[in-house]
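Okay, so subunit A shows up in both of these, paired with subunit B first and subunit C after.
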Partner chain A sequence: MSLPIIILCLISAILAVTMLFAKSPITSALCLLGVLIMTAGVYGLIGEHMIATIQLVVYAGAIMVLFIFSIMLLNLSNSENDFKQKPKIFIFGLAIGLSVFAFIANSILTHFQNHSSDRQLGIFTPQVVSDLGGNSKVLSHALFSQFYVSFEVISLALLVAVVGAVVLAKRKID
Partner chain B sequence: MESSLVFDLTMMMAKILVILAGTLGVVPIMVWFERRGAAWMQRRVGPNRVGPFGLLQPLADVIKFIFKETFIPKEANKFYYLMAPIIALIAPLCALAVIPFGSKAIINGQEVILQVAQMDTGVIFILAFAGLEVYPVILAGWASRNKYSVLGALRGSSQIVSYEISMGIALLSMLVVYGSFNPHDMVAWQQGSLGFLPRWGAFVNPIGALIFWISIFAETNRLPFDLAEGESEIVAGYHLEYGGMKFAAFFMAEYVAMIMASGLLATLFFGGYGLPPGMSELVNIISAHFGFGAAGMQNTKAAFEFISFATKIAVFMFLFVWIRWTLPRFRFDQLMDLGWKILFPLSIINLVVVTLGVYYFNS
Partner chain C sequence: MTNEILIQLLAAFLFTTGMLIVLLRRDTIMILMGIELLLNAANLSLVAFSKTGHMIEGQVQVFFIITIAAAESAIGLSILVNLYRNFGSIKTQTATTLKG
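Let's look at the complex of A and B:
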């Protein structure tokens, strides 16, 4: 790993811890935004520009705007007391979180660049992807040929969610 | 000649310097032009005391901004209050990294592509940073702890989020036409001709160009879409509590965003850095006259391409000023109606029509 990646990872880790322990909801939301942008930076530095850009467009540009917008609209800053951790639940949650983290870290450390494992690698090595004309081309080709049914089903699910949200909001206003 | 690290680094720094100096250097000229242009359109005199034609007025403004007291409101959230103008300036500057300002130059026998970051996502990267432009508005309004600022921030962010959708779909319709995210491919596509017109995106897909153009006015918070600022209603909106250089940062960010949006508009719909018809013969004549080789010819071409691109940006910047002093501000419900009930359905219908057209012409 190169130095810039390590710096980004460190900043991202610090922001993640701050997000957990921050008192005001807007600080938490902004720290999460920072984590997402730093992750996008890591993706960009390892050469995966497509994923980095999608991360910025979808998470930083759309989802977090919605979060912060609703925090501002509801003016949650008055309810800072709700965010105090209760020790017992906190320790329980910490234990679960740590065990999940240990499992993921173990599985990544075993399989990362370890081709002797029993998992089969896909056909898309970095060389193949760049020969086929870059990540965005390969990804969109796969999405609109091999996986077009699942792609359409997901868009249908999103449409259902939009209609549902409108119905719920409309009932409240009427 | 082999590509060396020093050469690459120097070229990268030079390109970044060109972009930074170009955009930040244009800002004072634009500020001057905005004020003189406003005066000209309203039959006033405008600033004419500092220097010839008031040209040094921006310099006087900057000196005033720098020597002002750095004042932070007592109730404000200091960290976010100070962070907002920084993000405001960084986001559009980052987006400029992907806009090419020429095809390529040959320096020292090596090809240098005149674009800071060559990525396979290209134009989508600009959308990513255009999406981040909401944050300074929200943050500034929220951190100032001022009613008018919060109102301005809410108006501004809902406006930017609403118009981003039609802007994205208009962009999508052009991506369908070009079949590529890469701005160089887009410019290459637009080199042909449609009868007597150049084959520019705006002539291929006029409705998409119109929607995109309207949306960038909303994205950059310019009149008639400046509800986030609305002087007559909410004093100055989200940057009400900012003074000195902090206000100047917001001010500069607005102009940098305008330059970025104009560059994007030029690249997508008006041939980008492509030379207008007849210019390539001029390049040939000049090269033949001075006896340039292949490298010199390419460099002359690159210089002309840069001039062509800068001229297109200048035209759009002029339109920004012209429209600002021509149209009155929208009411908020009119703004939302235009965004959601007119531009959004229109952009979707346009996307379907363009897709069918591309399918018909390609098969």
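Let's look at the complex of A and C:
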């Protein structure tokens, strides 16, 4: 367990909790941006450089710009705090969240304690990946050979989404 | 406790927080941001498990998930702009009619 990953995980968890409790949407958007950048750092630290770059460019670059742009376009200011209106529902929701987290954490810990030895390992060990020319090369090769149909379908879905967004934004509902 | 367990725990925590944001907040834009956080947590878990198991499929799936998330947020934000135009607010309790 390395120290930089611990620091990144701590900052990311704190930012996520701040995002849940923040009053103004712009604070939440900036906290989400921080979480995404910290996640990209975690990807880079475990050696997934391609995914880290895509995370930075697409998530932290494009999607967050869309969010901040629409917050500024709609001129959203501080909303009244959602939690003060109905504190009972809020406490109930926090209890549900804690139990869900406890359940997932328990199953993760049990899995790593009991079943980590009988896992079927793939062929892409770190040695093989570095022999084949690095993480980005291996991933791109898989993307354009083994998964090329999925890649084309995804690009079609992106085109449909762009056209749909334009149609939705131009239409006036009366 | 190794790196993998720490990353999986972080993914579980981010997932729980995103779920709470989707369930508890009343702003539509906060709900969309919560969905992004959920997708990000799922990505983190997929990459960490795939890295632990010496596989490449998880990273490819994460690539597709990020693309779908970009498309989803573009559509969602244009719906949100329409919602603001029709109801004058983006709170979920103001949008009570399906037909404008």
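Just a few scattered comments:
Assume the second predicted complex is superposed on the first by the 129 of 174 C-alpha atoms of A that agree within 3 Å, B and C clash if a C-alpha of one lies under 4 Å from a C-alpha of the other, contacts with A are read in each partner's own complex, and residues count from 1 in each chain.
Note that in this section a contact is a pair of C-beta atoms (placed from the backbone, for glycine too) under 8 Å apart; a residue touches a chain by one contact, two chains touch by 3 or more.
Every value quoted in this text rests on a predicted model; they were computed, and no experiment measured them.
In the superposition on chain A, A:R171 contacts subunit C only, with no contact to subunit B.
Contacts of A:V162 after superposition: subunit C is touched, whereas subunit B is not reached. In the superposition on chain A, A:L30 makes contact with subunit B only, not with subunit C. In the superposition on chain A, A:T125 makes contact with subunit C only, not with subunit B.
In the superposed model, A:I14 lies in contact with neither subunit B nor subunit C.
In the superposition on chain A, contact of A:I89 is made with subunit C only, not with subunit B. Measured by the number of subunit A residues touched, the leading partner among subunit B and subunit C is C. Shared-chain residue A:V100: touches subunit C; no touch with subunit B.
Legend: residue contacts after superposition of the two complexes on their common chain; A:I154 is shown touching subunit C, with no touch to subunit B. Shared contact residues of subunit A, touching subunit B in one structure and subunit C in the other: 50, 54, 62, 73. Contacts from subunit B toward subunit A in the complex involve residues 80, 119-121, 124-125, 127-132, 134-135, 138-139, 141-142, 150, 153-154, 157-158, 161, 181.
Against subunit B, the residues of subunit A that register as touching in their complex are 26, 30, 33, 49-50, 53-54, 56-57, 60-62, 65, 68-69, 72-73, 133-137. Of all the residues in subunit C, the ones that touch subunit A in their complex are 1-10, 12-21, 23-27, 29-30, 32-33, 36-37, 40, 43-44, 47-48, 51-57, 59-60, 62-64, 66-75, 77-82, 84-86, 90-91, 100. Against subunit C, the residues of subunit A that register as touching in their complex are 1-2, 5-6, 9, 12-13, 16-17, 19-20, 25, 28-29, 32, 35-36, 39, 42-43, 46-48, 50-51, 54-55, 58-59, 62-63, 66-67, 70-71, 73-74, 76, 79, 82-83, 89-90, 93-94, 96-98, 100-101, 104-105, 108-109, 112, 119-126, 138-139, 142-143, 146-147, 150, 154, 157-158, 160-162, 164-166, 168-169, 171-174.
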